[in-house]
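What follows is chain A paired twice: with chain B in the first complex and chain C in the second.
Presenting the complex of A and B:
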């Protein structure tokens, strides 16, 4: 083997002697990563974040976070001579007078949409495969924090250009602040530095948007990655895969190349969108004045579910001890967000409490193998999805010619009925898929070969499933169930005596009981004949 | 006629006078004309009718009206249960409704949609119909070409007025929006400058009236300048995605952006390493 050239060995020895990176790299470059398409979803968010940092820096070179009034004298004729804030004027300047400015703005905005979108699909993957289970609960919490901060980052960024649409979002933000009982008006005055809209909010949001939240995001992303690295990535069940090993390709070179390629894909898709699809055309919205509002004012997609909640809510308001409590804003602003985010954050711990499962898990669940979790997840998505959809109810009404109030009333019922139906359907589908798995193991796979028996009967020959498919199916893990049976003297175990204990035991039984146990052998008499033909025929393994 | 001193025979004799027919006709016309002049709401009606069309047009318009409009609006445009009276709506309202195909209405929905014009509704027929309705009770007239010329307006000023008065229903570029009970603010893209002016002046369907004291004719022209400028603008950032804001942007982010990336991730991981 040739020795590396002096130019490389010299430099690397110099570095290694001083910071001792050699050993670290030797250990870590060979780290094994499991291979599955869904494991790359989080990287969409990671790479979008990098693009956001770079394009965002570019935008700060020209953006002026000031609400001081100026007269526009730039290149966009339909706004020439119009009074507007410096922030809006500088955003127009970036769009029309800075070379590449509009492209950078558009890439920044598309990257933001894909950043939150990537986080969302990544989180759903983690949830449905149970990858948040011990020892990864803390990393899950970090993820939820990242998602919440991303929403806040999006909200502040959306407000910065001070166009008419962002002003509408700002107005809702102020309404939410005001709806907080007792301290609402104080919070609003504090946030806006006086009467709405004041002169401070843009510069304040600017500091938060470009410094505070990105800093925290960067720190949390690093922690997220380090924890993932240290705890190792989960893997899908399969041949020779256990909780004690990781089957896959080493980080260097295989995973690094795939990862690098995926960065380029992400960058490519965002650049294509930024080039060919116009986003946030602030020049069409016009400058913000609190008196104006446009039809079809919506937030970016990740805030859409809150918009929908606000649109569905009846106008409830009470007066309590001379304080107005505006439920019509307070409930839609806090309840769905609270349900979704708190529910997600607590789910690993609730599941542990119900199943009593204290084991470590490094093999991901297939969603069908934990039907209640999957059903809860889908019904949560339905809840979110209905709110999300109804956030655009005016566009639905205008473009599909449905009466506006019909959509509102549909939403008011669907928000309660939809998740329940989704739960039931998902649960049944999971059980059905489990039955299919059990059938594949016990009966084998249809081979497509029809045999005629000496007595004239036709049968289809089944072959055993391919080894890797069988191993994938057998990777199903039982979900522990709490001990709740009474002992010989009719006394239930300690935890199951109180009312809560009994409820917990009941939920545990429902959550954990395996409805479709897998059987390996060919137990059923009726199929003996059918399988007799298998040995004689071609044993073809299906993939 | 007994006791009046006038003999029946003498009346009968005068009735048969060769000039009696002419005299009675003159009397009847005089009474009708004088009575009309007294009873008519103002004296400018005839002038207005002449302003918006020739006297012939009024007669032609009436026959068009009877043929195509009267079944709902009544034989004399007095209105029925199905449709409102058209007395006083003016030529501008007729021109707007008929030239945009909204009238004659196809069915009684919450709102009459814009549709291709009826075959008979040529420009000339619309003018005649407008002249007839104008002759009934005045109202806003059809604006002249100069009044709606976008080149003579100031789009920046018009934009400010447009944002203050129109976009809460019609959206920030006039892409349209939803109203309650199945009604909607239609997109402004297919509307001609004249139709935009007429809509402001007459307030068709769910729209309020923006009369000349609310928004002056010059301001209306500025707004027309803005609307036509913005709608003919090539979107500098690529496809405008319907110009309805974040709804389609979010849809594209998921359906195009995330789908492509998921496909990419499947493709990347599907390539297995060959066993060495």
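Presenting the complex of A and C:
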């Protein structure tokens, strides 16, 4: 083709005459996007969100967010004639009387699980590769907000159908709200329009679920995308890749089509799940009544860690000046969530404070190359994971024939010991992997060729690593360490004189010191005898 | 665009097939503008492979077409109505939809990977911060504007503006007040304490059937019933506080934690609402007399005043004083002496108060 077809050039001329879009397209059509499998994780969340908006809109056409009582007369025979709320009746109507209704409901639920799941693994990828570092701290904070809002969105969503399971979740939410000191009773009465369960909460959660939170999510997702676009994506270390460039495929045409395909893959897999993997079969649970519950009630997966925290907590309640403070609810409801979310939000700034690193970073770290960060991350995952696992301790107890209280006691200790063990193991693994890297650079890789030396000794011939692998390894960046050494007269630098300053300097040294410096492993000629000790060379210059 | 092809000699560059143009030659000779020749980092595909891939892509797109048509057909053909018919409709609709989406996705992927060139383009990054000159200009403009506006100079203007904003900012919060009534003492009472229409004590009725319970009929030790107040069988607000579990014991099984004055012939009534976060404590183990809440596994000893033996709950399930009316049916003698359900700030040491009132 030598000229664009008339249909396209006509429209684009019209648009460009009016808003000058040409300049934007000139800069952005060939915007470069680097390639790595882990960069797709966030896209899963993005596409799940789009699917949620589409299927959610479909569901609103029939769902009636009302707690008014009706007698069910729909197609699901086992509940025929049963008194229930209009919300539950309309959710049954969607499932059994609307063609494709059950499919859309199940796709909506699966997409929600994948939405939070995608966000979580994407967030872990960002954390472990240090992609939150300057200049991306703002986008990191937006991400944490998105994750927190998604939890709230999920909670308000699965409370809507008003079946026995969703009501149990709502009851726990109410019990937690009521336990907040000073304002708890008022919060609960205002949220539920009086005493629990009242007649208002579903219509209120409905407007929060379909308007307020999705609106904020949409705005934040857009901001997230725009910042990513403006700052350009990070890239993994590799040949010719630096902090000053970005290497990859252009937005038009390759990245565009790739992303479209990935959206369709995500949608296709969620459609498969929604078709063949039954989820939240509300018709089996029956209508909600505060007098009943079924054993083995579980929340959606992303609430599991809060559920586990509630189960682990020993009973502890005090009377404080004639008022009740119930730590057995407050601590599990607030501390794990607070620790995880606040810790994540502050991490970029704490790291900057400790390392004194104010540079821009566009090359992602390999997790092994920042052992303390990776260990902290795995430690946090262990903390979360134990709580999450213990959120299902009744199922574990029933399926694996373990005493129920033993699982609780296990969790009460594991929640403290587990993260510490995980920290140590991860740290050692990172150092081990770094040593392996250093060895590959200085020794080369095993060629599989055994050679006999004149003196009778057998050795295996090592060959230099492939160019791209070597470049990937050499992409390791040093972590700066704060200057804390005393000068000639025994006076430490200004920042390191106070107690906090000394602590900061100590942490900086522990955090940043490179335990396994890469040797300069240039292999101009293939060395046949490689016996130099790992790490014997000079520290590799990184800049 | 400074750097070129990352793998000049690697196998990722297609080897040349006899009779085809060299890998770096334009695919279509007559297209001098868009030919990738001379564009470093754009590595075209082998045309033979690309043609083969095209056939595969076409097949996949065709599958999408058929599956899409199948989706529409399923919508028309398979009606809902019974559980089985809903299942069939769900499987056909979902199956065709998933197939259409996945085939389309696979087609696009093959297109990108085997027909489009491999890209290894390089773009420069620029530091995010603006240069000093710009910063200085913006700073000066800001100060100039602030001066021009008079916001700095006119103190009265500045202060009254802030004053004006304060109540407006609070207005949305004030508007939320009518979301709910104030709690008052609502959490301290249940309908067990409210008098019935004819002034008689309120009967205990079985949840679900609404049958009143004759004490003489509830006579097998180890028996358990879920009980609601007569007249409030379907009032969810009332049930959220007033639901009971009713247990029958042999007299020697009861321990000191249970208030015997509030039992009738070994029949004890506890609040079913867990004192942790309010789930119904619905599981009962006869041999140990343990009541277990399935939500967070708070465990209560029913023979000993429902004291907590395990789990996060901090207080026993409150016991309801019960007796019988002249017809022999179980009734509530009064309301609970302490608030039921989860803790709340205003609750205070209700147990101590109750003891004081009793003595």
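By our rule, the second predicted complex is superposed on the first by the 519 of 543 C-alpha atoms of A that agree within 3 Å, B and C clash if a C-alpha of one lies under 4 Å from a C-alpha of the other, contacts with A are read in each partner's own complex, and residues count from 1 in each chain.
Convention: a contact is a pair of C-beta atoms (placed from the backbone, for glycine too) under 8 Å apart; a residue touches a chain by one contact, two chains touch by 3 or more.
Since this is a predicted model, take the numbers as computed values, not measurements.
Chemist: Quick check for you: in the superposed arrangement, does A:31 touch first (chain B), second (chain C), both or neither?
Modeler: So A:31 only meets chain C here.
Chemist: Of the partners chain B and chain C, which touch A:275 in the superposed model: first, second, both, neither?
Modeler: Both partners, chain B and chain C.
Chemist: Quick one: is A:404 in contact with chain B, with chain C, with both, or with neither? Answer first, second, both or neither.
Modeler: Touch partners of A:404: chain B and chain C.
Chemist: For A:191, using the defined touch cut-off, is the partner it touches chain B, chain C, both, or neither? Pick first, second, both or neither.
Modeler: second
Chemist: Just to be sure I read the superposition right, which of the two partners does A:14 touch: chain B = first, chain C = second, or both, or neither?
Modeler: Touch status of A:14: no partner.
Chemist: Pick one for A:290: touches chain B only (first), chain C only (second), both, or neither.
Modeler: In the superposed model, A:290 contacts chain C only, not chain B.
Chemist: Between chain B (first) and chain C (second), which does A:392 come into contact with in this model arrangement: first, second, both, or neither?
Modeler: first
Chemist: Tell me which partner A:313 touches in the superposition: chain B (first), chain C (second), both or neither.
Modeler: A:313 sits against chain C, while chain B stays out of touch.
Chemist: With the two structures laid over each other on chain A, which partner does A:262 touch: chain B (first), chain C (second), both, or neither?
Modeler: both
Chemist: Can you list the residues of chain A that touch chain B in one structure and chain C in the other?
Modeler: Comparing the two interfaces on chain A, one with chain B and one with chain C, the shared residues are 77, 95-96, 102, 106, 249, 254, 258, 261-262, 265, 269, 275-276, 289, 291-297, 393-394, 404-405.
Chemist: Quick check on the complex: what are the chain B residues that touch chain A?
Modeler: Chain B reaches chain A through residues 110, 155-156, 159-160, 163-164, 167-173, 175-182, 184-185, 226, 229-230, 233, 235-241, 243-247, 249-254, 256-258, 260-262, 264-266, 268-270, 272-273.
Chemist: In the complex of these two chains, what residues of chain A are touching chain B?
Modeler: Counting only chain A, the residues touching chain B are 35-41, 43-44, 77-82, 95-96, 102, 106, 110, 113-114, 117-118, 121, 164-165, 249, 254, 258, 261-262, 265-266, 269-270, 273, 275-281, 284-286, 289, 291-301, 304, 392-395, 397-398, 401, 403-405.
Chemist: Report the residues of chain A in contact with chain C in the complex, numbered from low to high.
Modeler: That would be residues 1-2, 30-32, 69, 75-77, 83, 95-103, 106-107, 135, 168, 171-172, 174-176, 178-186, 188-198, 200, 231-232, 238-240, 243-250, 253-254, 257-258, 260-265, 267-269, 271-272, 274-276, 288-297, 307, 310-317, 319, 322-326, 328-329, 332, 360, 362, 393-394, 404-405, 408, 468 of chain A.
Chemist: Would you pull the chain C residues touching chain A in the complex into a rising list?
Modeler: 2-3, 6-7, 10, 31, 33-34, 75, 78-83, 86, 89-91, 93-95, 97-99, 101-102, 104-106, 108-109, 111-112, 116, 119-125, 127-128, 176, 179-183, 186-187, 207, 226, 228, 234, 236-237, 239-241, 243, 272-273, 276-280, 282-283, 294-298, 308, 310-315, 341-349
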